[in-house]
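In the two complexes below, chain A is the common chain; its partner is chain B in one and chain C in the other.
Let's look at the complex of A and B:
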């Protein structure tokens, strides 16, 4: 269900989770577009030579996936903050899940707080954080 | 009684959860815990009084701390003013022996947490510093564990005959109660928690939660 007004939002509600495209081809396209075209994001071997487990999904790409989830859920939401803490790297070509859940509703301010996580298939949290979004009330 | 012995609120630099939202989440999602302990990083939260919130939601909310030593991070339960004067909670290079000795003197309990974790867990430092004297309990289930971290913690506990606790290490609301510790008795305050830990009659739990 798409969220249009604050009245539609429920505490504990899950946002529509999805599995992002973290293939090397897609991450390369993003890295070029974002001006972050360095081997640590686009070349597994080069990244391993830097001591990394493989090419990494850029942090801002993960934030982009999280923001995309919010807008799929509430297309007219104004995202005020995406505050992320990177606990473990997300490696290109591995499978991840983008998740969100409503954990606070400030009806007066029209603000909703959302817990954000990027998890892997083992359900380990790689990235966590919160988003604050403004959603219009009923007119 | 089931308590999540390791949680952070917005009082911690990397904590993003408000305590009232932890309570709301536990009740809304029927999380199988009776309360939790706020273990803020490198500090004891003297200011906050959660007694009304606890009463409103029928939960036990206690306070402890998570300090940093050469063996990694350590939970401290039973923090008093005297204990806070015994060592600097904000020091990121505390000697574990000093923390353990101060806890012994001031009737508190120190528990190395996520001991299987690289860099901030006790097992990572045993080759360099050896087995520390005086540890009796370690955290064997941590909600933020990745890979084999909990397995390493369990192996260490078994090898050294440590008792094990569980805690979620929650930093966001929806992570509270992922792991916890079950006690046979009711625990109402920090003094009773210390007594229960000293008694040793408890076990660590990993709790499944619906997505």
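Let's look at the complex of A and C:
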């Protein structure tokens, strides 16, 4: 269900998860746009030479995935904070799941707090954090 | 930059370096790159993906992608410990739009410690603040943690 007003938000509800595009082509598109176009994000072999498991999805791209999930759930939501900890790397061309759960609703301020995670197919958390978003009340 | 070998004197560092702007520059965002950034992240709303949309703006996490030209204040010591990226927090306040000059100022916002079984960890938080003509558009914090090597 798409969220239009604060009344639509339920404490404890899961935001619809999505699988982001972590293909090399998409990560390169992001890296170029962000000004982070370095081989560790865009070239598996170069990344492995640095001792990494492969080219990495930039942490800031994971933040972008999390923000996109919030907008898909609540198109009018105004993101006011995305606070993330990068616990383990996300590797390009691997499958990840972008997840969120509502953990607080401040009806007076119109603010919703969301716990965020990026997990892999083994259900390991690679990124976690918190978002605060403003959602308008009922007119 | 000096090389510290003993325990980190957090209070002395806080007194000397907190809240002093050590990097400042101006940038202007490009509409096509912003649209690419948002689309690659999976945004679907036109205000993030279509430069022709009347409300077109940068995705809210864009501030995390900005980087200071200088990473630490002049005179800030280097430490013999294991340094790691401890996270990023971005707090947009107003939309950032293409073609609008944005001033990026960086200061050291916090230095604090946590002590665990493996010893003491020292966290350094750099805050970038974004503004246009004095109007604050948001902030982005980058945290680095140093795990101190045990003293022998």
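General observations
Throughout what follows, the second predicted complex is superposed on the first by the 139 of 139 C-alpha atoms of A that agree within 3 Å, B and C clash if a C-alpha of one lies under 4 Å from a C-alpha of the other, contacts with A are read in each partner's own complex, and residues count from 1 in each chain.
Note that contacts are C-beta pairs under 8 Å (C-beta built on N, C-alpha and C of every residue); 3 or more make two chains touch, one makes a residue touch a chain.
In this text, all values refer to a predicted model and were calculated from it rather than measured experimentally.
Three-chain overlay on chain A, with chain B and chain C in a clash. Of the two partner chains, neither chain B nor chain C is touched by A:49. When the shared chain is aligned, chain B comes close enough to touch A:101, but chain C does not.
In the superposition on chain A, contact is made by A:83 with both chain B and chain C. In the superposition on chain A, A:71 contacts chain C only, with no contact to chain B.
Partner contacting the larger number of chain A residues, of chain B and chain C: C.
By the touch criterion defined above, A:129 reaches both chain B and chain C. Of the two partner chains, chain C is the only one touched by A:29; chain B is not. Taken together, the two structures place residues 83, 85, 129 of chain A in contact with chain B in one case and with chain C in the other. The residues of chain A lying in touch with chain C in their complex are 18, 20-21, 26-27, 29-30, 32-36, 59-61, 63-69, 71-72, 75, 78-86, 98, 129.
By the touch rule above, chain C contacts chain A in their complex via residues 33-34, 36-45, 48, 59-61, 64-65, 67, 85-93. On chain B, the positions that touch chain A within their shared complex are 14, 16-18, 21, 24-25, 28-29, 144-147, 171-175, 211.
Across the interface of their complex, chain B is touched by residues 11-12, 14, 83, 85, 87-88, 99, 101, 103-104, 113, 115-117, 122, 124-125, 128-130 of chain A.
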